[in-house]
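This report refers to the structure that appears directly beneath it.
A, B, C and D label the chains in the order they appear, each numbered from 1.
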Amino acid sequence: MNHWIASNLWLIPATPIVVSLLILNLPKSARSPAAGFAILGQIGALALSILAFFATSQMAGLQTVRNFTWLTFGNNALRLGWLLDPLASAMLVMITVVGLCIFIFSTGYMAEDRNFKRFFAYLSFFSGAMLGVVLANSLLLLFVFWELVGLASYLLIGFWIERPTAAAAAKKAFITTRIGDMGFFLGLLWLYHRSGTLLFYDSGSGCLENAALNSLGVAATFIALLIFCGAVGKSGQFPLHVWLPDAMEGPTPVSALIHAATMVAAGVFLVARVYPIFSVGAINGVTPSLEVVVWIGVVTGLMAALIAVAQSDIKRILAYSTVSQLGLMMVSLGVGGVAAGIMHLLAHGFFKALLFLGAGSVIHGLHHEQDIRKMGGLRRLMPITFVTYAIGMMALSGVPLLFSGAWTKEEVLHATSIWPRSHLPHYLMMAGVILTALYMTRQVIYIFFGNRGPASEGAHESPPVMTWPLVALAFGTITLSVVLTPAWPWLHDFLIGKQARFDFAHLIEPAVFTSLMLVLIGIGLGIVLYRGVAAENRLRPIEVDPFQAAQPALFRFLQNKMWIDEFYRGSVLRWSKALSRVSDWLDRNCWDGIVRGFGWLGQLFGIFTTGVDERGINAGVDETTSGARGLGRLFANAHSGQIQTYLGVIAIGMLALLLLYAWLA
Amino acid sequence: MNTAALAIIAIFTLSAALAAATLPKLMHAALMFAAAFVGLAAFFFLLSAEFLGLVLVFVYVGAVAVLIVFTILLTRHDLEKDRGFNLSGIIVAIAVFIGLAIAIFKTGSLPVVTPEIPTLTVKQIGAALMTDYVWPLQCVGILLTAALIGALILVIEEKK
Amino acid sequence: MSRDAVDQIFVSVKRLLLSPLAHLPAWLIQIVSSLINIAALLGVFLTLFAAMSVLERKILGRMQNRYGPNRVGPFGLLQPVADGIKMLIKEDVVPARADKVVHFLAPILIAAAAILALGVIPYGRNMTPFAIDGGILFFFAVGSATELGVFMAGWGSNNKFSMLGAMRAIAQMFSYELPLIITTIPVVMIVGSLVPDQIVAAQSSFWFVFTPWGATAFILFFVSGLVESNRTPFDVPEGESEIVAGHMTEYSGFKYATFFLAEYIGMFAVSGLAVTLFLGGWHAPIQSLDFVPSYLWFFAKLSFLLFVYIWVRGTLPRIRVDQMMNFAWKFMLPMSFACIVAAAVWHFTGRGWFSWLWSLGVLAVVYVALSILLDTKRKFAPRTYRFAE
Amino acid sequence: MLSIFLLISAAFFSIGLLAALSRRHAIFILIGIEMMLAAASLNFVAFWRFGPSPHQPTGVMIAIFAIAIAAAEAAVGLALVIAVYRHYRTTSVDQLDQLKG
């Protein structure tokens, strides 16, 4: 309890942030000091996190809280605090380890960038902000760091600011998450209104403790859902997932950081953190808010997996896979498997970072070529990258025994299978697992197997500074599989605060075999489907992708396959193709549109009403539309850019206040 | 004597200010602006804040007014065009004045008894600046430096 | 008549003049007292102006191996009277497209500002015309109005030469106002007061010019003063060979005389302040010379400084504009800051002989560093000439 | 006595507002804003002078800082006017209503 680190928790987020500020003040030419400081800062944070991790196990109730008063106004005091519990400490270690690997990798990947120094400053800032999210013991403090994470992601996604697409992607990411954050903020305010405090744990009077929870009543559902909005935005859940694939415009290490350790993990972490609010009034572990979480997760997981199958950009495939995995985590949280969800988050952090860095290595080796159809045969050219990428791919697919993803996925599936409400999520998630294995197999075949593609010429293995992090992460991924093994579920029990014990019987549970089956189906399907690709002459980019509808030959090929395989699988493929197109269409025309602003929505509405009008069903709707537009124009007129008009309005406002004062006095 | 002085200074200051706001020629307005601030400094003298009055003259007449006339000089090709006068501004300004006057007359929170005249020497001001107000002082210093650099960067001619 | 009576003779005269008004209200007495002060100031300094104008010409003449004015009156002493009459009866020409009001107000503003500045200088024991709290600040506050006046003159004339001259004048006055003000800070800091009387009182035992920082500050102050009053070698704003007469090009007759007057009064004011700040004000150099009245000491020191002004004018050629600006910003300003530091060092090391050395050391280091820095950048290197072949 | 000063300050403020609202030239707007700021300083000093605790120089201090900030504002504002004039060849605020440039 009286561990030194427990009373100095603020040091953990402060270290990278201070380092970031320091780097920002270095001259632009100080490239190696910048990288050195950033890595040193990350090592410092890692050391502190490990201290914190071991301190956690010695703490009474596995939890320590340090609250302090931030602002005093009148008789009220706004209090903030730091919190260390198993959840936080596990996250800390994951973030700092993965972060460190990414930092080291970046020194190689970004070596030729002009703004090398700025990149490391932002990267450190990003890491520090995320550590702050994890350690906050107040929803307000968490929100502050949450927004800092958003800011850092904005800066990093748009890092190559001279590219218009990057700038647009950064804006999109920022605005999309902001929509979710709006809900989060409303939920925060409502929670403060109801419980009078935003501290999570405050020796009995915190908002996550019984007294406050009991007072919430029915409002708990709405508060939980509002807070969940924030998580939806940050973690790229349907329908706010659109920003995540676009965020690939940033440098690859940034993608790795966003997808593995920081940004998207924040959403899942948030739900896990405020889980008590979600489960207020639970009957049999089910509440309306948790049910929403489950279904959102299911839709996200499946949709993203389907989309991923039809992509050809190496990073986009990984991006959709992240979305899909996040959906899986949400489902897990929703059905009550909090520990399973968080464990999957941790394992996912490792192997997704590995995959992204591997992708980065490939991109670097191929001189910034990202189209997998132009790759091929890199197995011999980039052996280290290949081996580590394959480890990551197998972990993500969930190949059991040696690869961490398997255990956690199995746990999640297990948790869904015992959900009393419905079995549909369980089955849909099983489909998701198959799809995951399928698209990962497809990707690996495209990139590493077969003959050399047009972009593979002149490819070379990346320098050691980039391969070493890969090896380290691959090693971590395999080690985690030992840590996470159900035979000795100490991390699982650590997260829920129990003592662990050995039980090898868990290794032969039916669920293990189910997931093994699923993975084998997925990988087998992938190999069967894409074997042809590997065998093709790859000197020109592959145009005959099995999923490209435009090619009639492709259709025949597909149909033949469907005759050979079971009809069910074939229909899944078709369905997936159609659905991925629908999703793609929805992405382009619907969700994108919503995000782009209410004006666009109004236009859609206008088009819709015109259609209705033409059929003569409702002429009045047209009026409504134009009225809405007129209102918009009215408001737009107020923003004339005429400073004096603004000044005049301010003066009139002041006058009104004065008269009010005079009237009251 | 105080009342007479007050009346004279008030008439001088307000008419100078009015001239500064309404004179058609920008240069005249800028000079009237300087005159108005001299009048305002006189008010500070009447309020026994001599130091403040001197600072006001120093800063506004010595620096800001000269800056303004310099700006007029640098942008003088734009002066010939007639700009006209926005009449709605007059209405708003008069309305605000009336509102302020009503508020001043109706308020009940003004002190009724006039306290003894405070003596505030430069020394006391200096001591206060260096003790209680040292943080604001430093901040203002940084602000002024930043403003100086910012203004310089803004007006530096871009190299072709 | 005792020594004290001679010393306080002007104070006594004023008291005598005010005594019949004793029954009047206080504010009236104050106004009359101020009027007397103003009259005395104007009388003394207009006379000094007249004397100065003729003396300057005579001394310059001597320096240039010729006679000065020697036709009007004995030794040409009535020359200023003749000049004045000539100025007064000259036609007052105002350019047709000039901004008449501004053109008219400019000389008045400049002269008024210069005369106002005279009001806070202690001319002798108990002889400060307007003893206000923060007198030094007052001096600079009214002095800063001069720039506005110069600008008005340039703008109002609607003449390119005038405008150019005004721009040059303002640029150099702004640049040198910084060292001028900053070099007063060490004195204000050491005395702990902005009141000129207290500054003079603090110099009763020794003058500040006899400390390293004081000497440096005095030299910087004097040079800045030269610039502020547009004297040679810093008279680029009215460089005849380039821009006719600068901002005064379009002025003639009495207005021109007013400018001339303002320039000289400004010179007196800056010199007076230099005497007050660094040369011990009205104090005698040594105690035993105290029997000479205080105002005489003041005017002796003032006259000496004025002589140096003339001397410099007779000796040095005009400086190029860019050299002047470089000198202000790259040498004068850092040196003035060094003076502040040196004064602080002097104060906190005990004001003794050692502190004298310490303070000198600080200044020497800064001076050497600046010299090396500026020399390597070739800022003040000798001009190289290229000739046509 | 206090209300007289407040009235004068209010009048000064309104004149500044008039300049800022009704003139089209950007420099006039700056002049108006300077006047409004100075009027506020006058108020502070008047409240200090006639207020309950004139031995604490709070009002004067605020006025000093207000003057410093107003000077900074004027410097930056005028620099902006010059920069804008260089770019658009105009200083009329009526024509400066585009954020894009």
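Just so we're on the same page, a contact is a pair of C-beta atoms (placed from the backbone, for glycine too) under 8 Å apart; a residue touches a chain by one contact, two chains touch by 3 or more.
Keep in mind the model is a prediction, meaning the values are calculated, not measured.
> What chain is the most remote from chain A, judged by the mean position of CA atoms in each chain?
The chain farthest from chain A, judged by C-alpha centres, is C.
> What chain sits nearest the middle when you go by CA atom centres?
That would be chain D.
> CA centre of chain A versus CA centre of chain B: separation in Å?
That pair's centroid distance is 55 Å.
> Cα centroid separation between chain C and chain D, in whole Å?
Roughly 33 Å, centre to centre.
> For chain A and chain D, what's the span in angstrom between their mean Cα positions?
Centres of chain A and chain D (C-alpha means) sit 49 Å apart.
> CA centre of chain A versus CA centre of chain C: separation in Å?
Comparing mean C-alpha positions, chain C is 73 Å from chain A.
> By the touch rule stated above, which residues of chain C touch at least two different other chains?
In chain C, no residue touches at least two other chains, as defined above.
> Note the residues in chain A that touch 2 or more other chains, in rising order.
Only 644, 648, 651 qualify.
> Using the touch definition from the top, which residues of chain B touch two or more other chains?
Where chain B meets two or more other chains at a single residue, that happens at 51, 55, 63, 70, 86, 88-89, 92-93, 96, 100.
> Could you list each pair of chains that touch one another?
Per the contact definition above, the touching pairs are A-B, A-D, B-C, B-D.
> Mind pulling up the chain B residues that touch chain A in the complex?
86, 88-89, 92-93, 95-96, 99-100, 102-103, 106-109
> Help me check something: in the complex, which residues belonging to chain B touch chain C?
Residues of chain B touching chain C: 1, 25, 27-28, 31, 34, 50-51, 54-55, 57-58, 61-63, 65-66, 69-70, 73, 121-123.
> Considering the complex alone, what residue numbers of chain C touch chain B?
Chain C residues touching chain B: 25, 27, 99, 101-102, 105, 132-134, 137-138, 140-145, 147-148, 151-152, 155, 163, 167, 170, 174, 192-194.
> Which residues of chain D touch chain A once you look at their complex with the stated criterion?
Answer in residue numbers: 17, 20-22, 24, 29, 93-94, 96-99.
> Quick one: which bits of chain B touch chain D in the complex? Just the residue numbers, please.
6, 10, 13-14, 17-18, 20-22, 26, 29-30, 33, 36-37, 40, 43-44, 47-49, 51-52, 55-56, 59-60, 63-64, 67-68, 70-72, 74-75, 77-78, 81, 83-90, 92-94, 96-97, 100-101, 104-105, 110-111, 114-118, 120, 124-125, 128-129, 133, 136, 140, 143-144, 146-148, 150-152, 154-155
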